[in-house]
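Note that subunit A is present in both complexes that follow, paired respectively with subunit B and with subunit C.
Moving on to the complex of A and B:
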């Protein structure tokens, strides 16, 4: 008990400058064992230490306090304490002991899930993510947990705001899998299919030694989203995907690949039959909602294909070609597509004719200037990063050694060939480099 | 130097200035061969470029200026070189006469109006040459080009002197007095002078350097405009605060200038302008994309060389 009192006074004393905190950190590391030995004794101590000013000390106490299994009631009392700590802790102090912070936050997430109200955890987790990140391009271990809470509480918007940041730094590469998978699901929820495709693509093509369950699930969703967004899907993975993925992914996702081939035939009736027969499998993977969206997207893609062949078309003809029930349905579909900005057309209700137009974008508005300007800014930052990476690569000793050996070989060959040439050998002209 | 009181207006054509500077640069580079090849080439093309480092005194070159005098206006059109004989401190007279004859055949209107030289200031020995020329033209002009580059100076380093009879210490003497002049150009002259001014040395053939030179020119022009506008703005602010007495004539000039902008203000202009602006932005964007792709390509090549294992197909170093 006395040692804990000592610790409290030390924490209160040494929470001033950076050097003090580093010193404090060392003391706490040493005292960690003794803290873990008596977790229950720490509840009274927690009141004496201020989470905002003495974050590091509070963190250690909290971590020792919350270790071990908890029941639902205990979780209920713990959650406000944890939430308060996360919201008001000092980011600088926290970064001295990131793994402790991560474990505290993970426990927080578990408690929140235990009492089945994930919404309570969303805001504190977001604060935790921001505090742990050194820059906004940093992917921490807490990101996937945060996204999981967003998904479970259906607060997709908050998740999206974190997804908007580009990632350049990763703590632990394996976080990337879950982050991209959950991120893809959030984007699907918000109907941002292009971004979802990007994220899911990252999961599928990430380097992996052996096939990964996350990658399999991601591949299934990837197929479906690609059908919804592009209307087509190519089964060949790009060259940079890992060999494990290229060989094994298809075996696990057989029903979905067949779905894609049926889709590409363009016949809606057949497609619907196929979906109904395999309904259970999709339901088990919880992808049935997505599959239904694929069905409705088929109509859209067929209508879009029509814009490339015809200038004007009657609603009746559209209904026939796309295999819709009646011209009324066709009109509804076309209207919806015009509103979403997927096609450009005008409907003449008197004749029942639809006239397809060109993209009316003239590129002469100020908004377009701002849009292009922001794209240029983004690409400038990207270019700077690429140049920095390129330079870093040039200093890499591995690279330099390989380049040097190549250069040596080249030099040797040149010397040898010169020797041949100068000795007047007739065959020398053919090997001139 | 006092200023001229003869009341003559002088008009100088840029060809004269180019000729003088060309003559000077040639003589100088022949006397002091430059240490590296590309030192003399830019100096030859650009009249006001810094000269190659000279060990000795810069040489003086001499020549004759010709032109037309109509009434009170003296217009100097052209010039040619003359040899200076340091022994007799005079110019080669025979050559001058012959040249004058030749020029008369082509340009019957042109007369020898005076002579030119280079240097920082008019000297006493110059009066000698001046008097020698006085039998061709009763009142010759003396055009002096200062070849030393002074970056602080904004005007042309060319001065025109006339000779006047002044009574100094009881003795009537001819002294040089400064005369003001304006630069006069014909359209054709402006085009050629522009072309010469932008002439770049031998490797100006590549499109990249030409584009860079063109853009640099535009950039410096805009910079100069910006600084001038800022000066005006500062001045007007000071006037507003009352630090400087209000000068109505200047205010009138500023107001008329402002009323001349904007030149065009219509819907169609706005449309076209924005479209062109967007096009340029798109091209910049495309250029950046290409640049990034090429950097990315190099990076990946380096990565592959460094971390390549025996299996090149579809394999990266796994991190899970």
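Moving on to the complex of A and C:
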């Protein structure tokens, strides 16, 4: 007890400047063992320490306090304490002990899930993510947990706001996979298929030595979203995808690849039959909703193709070409597409005709100019970043030594080949490199 | 002269005057006259092909078939190929009477003679080889090649001819070797060899006489035709000089040059090339005289009388399907010609009434709409169909908008790709650092 009292006074004293906090950190590290020995004694101490000013100390106490299994009732009491801490802790102090912070947050997430109200955890986790990040491009271990809570509580918008940031620095590759996978699912939920494709593509083509389950699941969704958004899917992965992925991914996703080939044949009836026969498999992967969206997207793509060849077309003809049941269904589909902004058309109900119009975008408005301008700025920043990275790498000693070895080999080969030329073939000696 | 503001139908016109009966025409093939164009092996091959094609039991075709088989029998009997003889007799199956039965005695005599000749040739060749007289060895192999060819062993014939290459001294020898090799390769259907030997013969240092040049062009054209390179085939056939006459009857007749050349040109040339190389080509005109229907149909196409052009094509089709080299290309060539006609029709107009167009092409509006839809989707015609009023409107893409759209799209793709690239680079760096730290 006495040592804890000591610690408390030290914490209260040394939570001023950065040097003090560093000193405090060392003390805390040493005292960590003893803290873990008596977790129950800490509950009273917690009130004495202010989470906002003495964040580091509070963190150590809290971490020791919450270690060990908890029941539902205990979780209920703990959650407000943890939430309060996360919301008002000082980011600078936290960063001294990031892994402690991470484990506290993870436990918070577990408690929230235990009492089955993920919504309570969303806002604190968001704050936690922001505090742990060093820059907005940094991916922490907490990102995937945060996204998981968003998914479970269906608060997609908050998830999206975090997803808008570009990610470049990664702590752990596994975090990236989970982050992109959950992020992809959130985007699918909000029907932002382009962003979903981007995220899922990152998972599938990330460098990995061996296939992992996250990549497999991501690939399945990738196939489906690609069909919905583009209407086509190419089974060949780009060259930069890891060889493990290129060899093995397809084997795990057979039903989906066959789905894609049936889709590309364009026959809706056959496609529907195929979907029905494999319903269970898709259901087991929880992709059935997505598959249904693929079916409806087939109609959309067929109608879009019609806009390229026809100026006006009767609803009956649309129904026949796209293999819908009746002109009424065709009308509904076209109406839906016009409302979603996917095609530009007018329906003449008197004649039962649809008139397809050109895209009215003239690229002359102020908003368009602003949009183009901001895109240019964005891309310039990106290329600056790329250049900076290239420069950095060219100073790297490992790279330089490798380049030197290559030059050496090249030089030796030229010398020897000159030897061949001057002394003739008969006098050539072996090349030794 | 039609008054200016009346839209007038494209594709009408008076009927052409009737002409004398040509050989490749719209009417039923006269097997005898057709076969008289050729000689040797190709005659037999073509007759057998016709017989196979006519093998579906319809009455007029049955008569054709029997005629073809009869002539084949006669022709084979003049030669020494017992294998082919047996085949023909099987096909005839005794339906042509006693005179066309299996003549076993003839077969035996021919075979025995062949054996003796073979022995004799072998002995001669061996003696020449020991004497190392180049010219005799070459003649020996040549004779061997001829022998095998006459007896239908095409692979052996080819090998023998090719062996003479080492013993050729003058360019004349080389050319004769090439011509023999080409002949056998065409019979075997190995057109890659044909192309290589044609180029070999053309590279000979001496000037070739015009007949050989014409023969080589025909052979090259045939090779391109078989490999579906219709444009090159057309060019080769069109360059064939009229000296060819009937000198290459063992492979191809002058009528064939005209037909193949004309159809391939029509399917693959654009208007300027068609005019320069076909219609204004004096040399080729001689060939076209032999097949006036092809000449008429090319002229009709050029002057936009599509209905009559397509009618001629339709008439020619059954006979062309009986041609040994052209039969599997007929469909493709016809489709290409039809598509070209459709595209050419719509090209000069801003709007086209589909009903008139259907009339000009003698098809229904619905069918025409389907064909046009396929061509538009393929981007061969830049237009859009007003299905309600049945009008085709030409549509010219707005360059400015298209450029803006492309720019924005490229920008966002670049953005996305660079970002994922940087991410991947960071991942690899992390992995590398991890491994490095583990090693330490």
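The working rule: the second predicted complex is superposed on the first by the 404 of 433 C-alpha atoms of A that agree within 3 Å, B and C clash if a C-alpha of one lies under 4 Å from a C-alpha of the other, contacts with A are read in each partner's own complex, and residues count from 1 in each chain.
To be clear about the criterion, a residue touches a chain if its C-beta (ideal position, glycine included) is under 8 Å from a C-beta of that chain, and two chains touch if they have at least 3 such contacts.
In this text the structure is predicted, and so the values were computed from the model without any measurement.
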**Asked** So, A:173: does it touch subunit B (first), subunit C (second), both, or neither?
**Response** both
**Touching partner for A:250 - first (subunit B), second (subunit C), both, neither** = neither
**Touching partner for A:281 - first (subunit B), second (subunit C), both, neither** = neither
**Message:** Tell me the contact category for A:382 with respect to subunit B and subunit C: first, second, both or neither.
**Reply:** both
**Item:** Contacts of A:229 with subunit B and subunit C, given as first, second, both or neither
**Value:** neither
**Request:** With the two complexes superposed on chain A, say which partner A:130 touches: subunit B (first), subunit C (second), both, or neither.
**Result:** neither
**Message:** One more residue to check, A:317. First (subunit B), second (subunit C), both or neither?
**Reply:** second
**Asked** First (subunit B), second (subunit C), both or neither: which does A:240 touch?
**Response** both
**Message:** For A:36 in the superposed arrangement: first (subunit B), second (subunit C), both or neither?
**Reply:** neither
**Message:** Quick check on my understanding: which residues of subunit A belong to both its subunit B contact set and its subunit C contact set?
**Reply:** 173, 206-207, 240, 362-363, 372, 375-376, 379, 382-383, 386, 389
**List of subunit C residues in touch with subunit A within their complex** = 373, 376-377, 384-389, 393, 398, 400-401, 404, 407-408, 411-412, 414-416, 418-428, 430-431
**Complete:** Per the touch rule, the subunit A residues reaching subunit B in their complex are 173-174, 177, 206-209, 212, 239-244, 246, 362-366, 368-369, 372-373, 375-376, 379-380, 382-383, 386-387, 389-390, 393-394, 396, 398-399, 402-403
**Complete:** The answer for subunit B against subunit A in the complex is residues 271-272, 274-275, 277-279, 281-282, 284-285, 288-289, 291-292, 295-296, 298-299, 302-303, 305-307, 311, 313-320
**Asked** For subunit A, which residues count as touching subunit C in their complex?
**Response** 166-170, 173, 176, 198, 201-202, 205-207, 240, 305, 308-314, 317, 351, 353, 356, 358-359, 361-363, 371-372, 375-376, 378-379, 382-383, 385-386, 389
